Amino acid sequence: MRAPVALPLALALAAGGCALRSDVTRVERQLAAQQREMVRADSVRASNLASLARLVQGLLDSLAVQQDALTRLRGDLRVELYNIQQQLVAIQELTGQSQQRLSELRGQLEQRSVQFAAPTDPAPPAGAGAAPATAGTPPPSAPAGAAPPSAAAAPGNAPPGAAAPPAPTGAVGPPVSPEPTADQLMELALQQLRRGSPGTARIAFTEFLRRFPSHARVADAEFFTGEAWAAEQRADSAATAYRRVAERYPSSPRAASSLYKLGVQAVAAGRRDEARTYFNRVVTGYPGSEEAALARDQLRSLAPGR
Amino acid sequence: MVRGAWDVARVALVALLAWPSVVGAQDTVRVESGVRIGITYTPGSRPGIAVVAPAAAVFDSVRAMVARDLDYSDRFEVVERLPDTAALRLGAVRAATYVVMVDTAGTGASAVALRLIEVATNRSLMRRQLPLQAVGTTAWRGAVHAASDEIVRAAMGTPGIAATSLLFVQGGRLMRIDADGANGTVVRSAGRPALSPAWSPDGRWIAYTAFVRSGQPIVLQELATGRRAVVPTTEYGLNITPEFSPDGRRLAFAHGTEAGTDVYVYDVERGCCVQRLTAGRFSDNLSPTWSPDGQRLAFISSRARSPQLYVMAADGTGQEVLGRFDFGATGPTAGPAWSPDGQAIAFQRDVDGTPQVFVLDLATRAVRQITGSGRNEDPTWAPDGRHLAFASTRGGARDLWVVDLETGRLRQLTSGGGARLPAWSPRLSLSEEHRE
Amino acid sequence: MTLTWLHDRFSSARWRLGPCTLAPWLLGVCTLVLVGCGGNPPPATPPAPLATDSLRAQQVADSVAAAARRDSVLAAARRDSAVARSRADSIVRAERERARADSVRAEVLRDAAEGTAPDSVPSGLDAARAAALARPIHFDLDRADLTAEATPLLDEKLAILRANPWLEIQIEGHCDERGPDEYNLALGNRRAAAAKRYLVEHGVAEVRIAIISYGEERPVDPEHTEDAWAKNRRAEFVVTRGGR
């Protein structure tokens, strides 16, 4: 068994030995060539890599510079944005006040035209006639209406200033009839509320709502009815009034106040979930209002885990 | 039944409508809380009053104090230099409607008696005894002042303001002075200034901003003991202009952060629950002042750039500008103080760059300028609702002055300069602390 | 031999680009080896230009991938550190605030009269930088917004604060004597806040800057002139934590 195996092996070795010498040198040459080739490729690669690394480094550096510039820009923008927001809030506030002032002036103008139309004959002094005639054209009549209050508010002329204010109200005063104007009735009711007579105030507000159901200040009347109830420690009745304001006059600024007050009432009564609902309604429905900011504070302190 | 109720309501309304026009017509009529119906004050016809005392040092000092208190109440014409009691027959003092007799109480020298006599009827309207043991002390002075106030009440229906003091700031120190300008004391003198003093309605506590090394907290201090406490959350940031609510249960103050300054309210009674009332949104909201019913707060806000007077409900709702202002024309406004009768708010406003004191009538919204000479700042109401104290440079240096709004009479309260931020106390009862 | 070479490549790659790039390099090297020993009968001729090109393309692709990876790793690291920093900041802030509150209460209780003690501590900066940091900025009348002259001054401080992250400062807002005392305190507060906002928005950690207002209580010039007022309407910068 051994001889047949060993024979081909010996033959193969002999043949191999013949092949070996020439082949080995060939393989060695090939290997050497390969090695040279590899070394060459290697150095190419190394230089490529080095240049790439430099490239990446440069990119990163410029990125860092850019990032710095960006940080700076972002900072500048934020500071600028803050200033703009600040101005915007001031402008909003002033707009609101101008509107309030305009409606006041309009009310005064209406009052005056009513006064002049009723008692005086068709040929009044020129100045007096101008007011009702120009009711539709604000520019000439607005200064006429604005003059007395600003003169009264103007500092420095204390004696005339002190005498001036009763004039407009005094002019309205004498012909007081059993039929007061809406604004008179409202002012009167508010005075009663602030004087500590909520019961009387409430009657006056009810009277206001009965007489002037479509007046611009009905929301005020409903709201202050609630305030009057609250002053009498009647939380439930107050809540009913506040809810009515929120439902019927959602576009009135009193709606946000009413919802907020309902929320505060609910907190005081320990109904935290209900309070959260009210505060959320203020925040989502009237996000720009003062009440929304206060409601956010309240929601934070109502947050679970506190 | 319902109809009947309505009729009653309408009658009430008509009466109410007629009423303010009466008030409005007469600028000088001012309804004060606690005033008896029927007693109205007519300017220029102040009743004469004489104070007479036997010629002894004790009596004379009492006489001088009472006479001055009555004079400073601005409700009487004090008749000076009368003959002494021995020569006095009541019929001889024609100039006086009232006479105050200072005398021994009859039981020896242990007490001083004060009697108010109406000359026309020779009727005694009031009598009060002062124990003599501690003449000259603060307690003694307080007792005499309180007696003066009682005399005013007996004659005029409303007590005077002699038994009150003012807190103010001078050179960073918190000072206290009696309403007659005497008895100045230092309440707090630390190396750093204290500002914005305020009284609790019972006169026992004060609140102020203390500048300390690491902050500007609001400090509550008991006057009698000097006990101090820091209002929670005011350890941080800027904290100024504290003001007790009229019931003494709450303290409103301004708290400044990096986002602006806002009005907050602290529950003094429960010692907790600091709540924000304004949402600054880039503006400053400060100097809250309570309406006497505690339902509303007036405050200063710079939300429309120029600081102006605003009002809100005590829960922070319904914020609106109070009193007209013309953007760019009306000067910056500061330091509001709601009058004790609730009808008016005093404040300071710049006129040509100089602050002057104004009073806003809440019913008519009319604004009246009170001062015109020098810089006039920080008005504070006396508890009678007719006197205002303020800091003024009319005499050269900045000192405190008192004006009577009804007669326009002015008097200087402090001297030495540098006085500011006065806060007039409520009427101080005798059971209040006895400081030395 | 190949192994040594691999090892060299390996460590040089590591040295050059950091540990995060090991895996792609390893992958790349393996590919190279495969490509290099690609032909079953090893070609007697030098490798074709095509092969070198593809090799280079591969390298570029690899390095780009590596750079991208490196960037994303860096971004993640930055994000993590930002989160960690803000968490650390809020802890630091809470501690600072507690300490401040305690000291405020303590000072009120003993009614501390040590008012003249200096607020500042040595900054550890050289004189020029310390002066630049301390230089006050000024404001217009009744305004708290930064003027055109103020921003370059703040930029100087910004550079110093960013270069010296251990520094902490307090910004003090001041006003001139005109205007109501209490309103001026609020105004001074807004002035200090405006300066702080500028620095924080430009990258200084919020906890490093405290603000305080002195209103008109601490004028630098007590005169009653326009000049004095202009000098007094200012924000000052005081080092509260310095040294290294």
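Order of writing sets the labels: A, B and C. Residues in every chain begin at 1.
Criterion: contacts are C-beta pairs under 8 Å (C-beta built on N, C-alpha and C of every residue); 3 or more make two chains touch, one makes a residue touch a chain.
Please read these numbers as outputs of a predicted model, since none were measured by experiment.
More contacting C-beta pairs link the chains of A-B than the other of the two pairs A-B and A-C.
The most distant chain from chain C, with centres taken as the mean of CA atoms, is B. Centre to centre, using the average C-alpha position, chain B and chain C are separated by 53 Å. Between chain A and chain B, the centres computed from C-alpha atoms are 40 Å apart. Per-chain Cα centroids separate chain A from chain C by 31 Å. Touching two or more other chains at once is no residue of chain B.
In chain A, 82 are the positions where the chain touches two or more neighbouring chains simultaneously. Multi-chain contact residues, meaning those touching two or more other chains, occur in chain C at positions 197. Residue ranges on chain C touching chain A, taken from their complex, read 5, 13, 16-17, 32, 36, 42, 44, 46-47, 52, 55-56, 59-60, 63, 67, 70, 145-146, 197-198, 201-203. Taken in their complex, chain C has these residues touching chain B: 97, 100-101, 103-105, 107-109, 111-117, 119, 142, 178-183, 185-187, 189-190, 193, 196-197, 211-214, 217. Only residues 82, 85-86, 89-90, 93-94, 97, 100-101, 149-150, 152-153, 155-156, 158, 161-166, 169-170, 173-174, 176, 178, 180, 184-185, 188, 191-192, 194-196, 200, 203-204, 207, 227, 231, 253-254, 256-257, 260-261, 264, 290-294, 297 of chain A touch chain B when the two sit together in their complex. Within the complex formed with chain C, the residues of chain A that make contact are 30, 33-34, 37-38, 41-42, 44-45, 48-49, 52-53, 56, 59, 71-72, 74-76, 78-79, 82-83.
Put simply, chain B touches chain A in their complex at residues 9-10, 12-14, 16-18, 20-21, 24-25, 27, 275-279, 281-283, 291, 293, 295-296, 303-305, 312-313, 315-321, 323-327, 329-331, 342, 349, 351, 356, 358, 361-370, 372.
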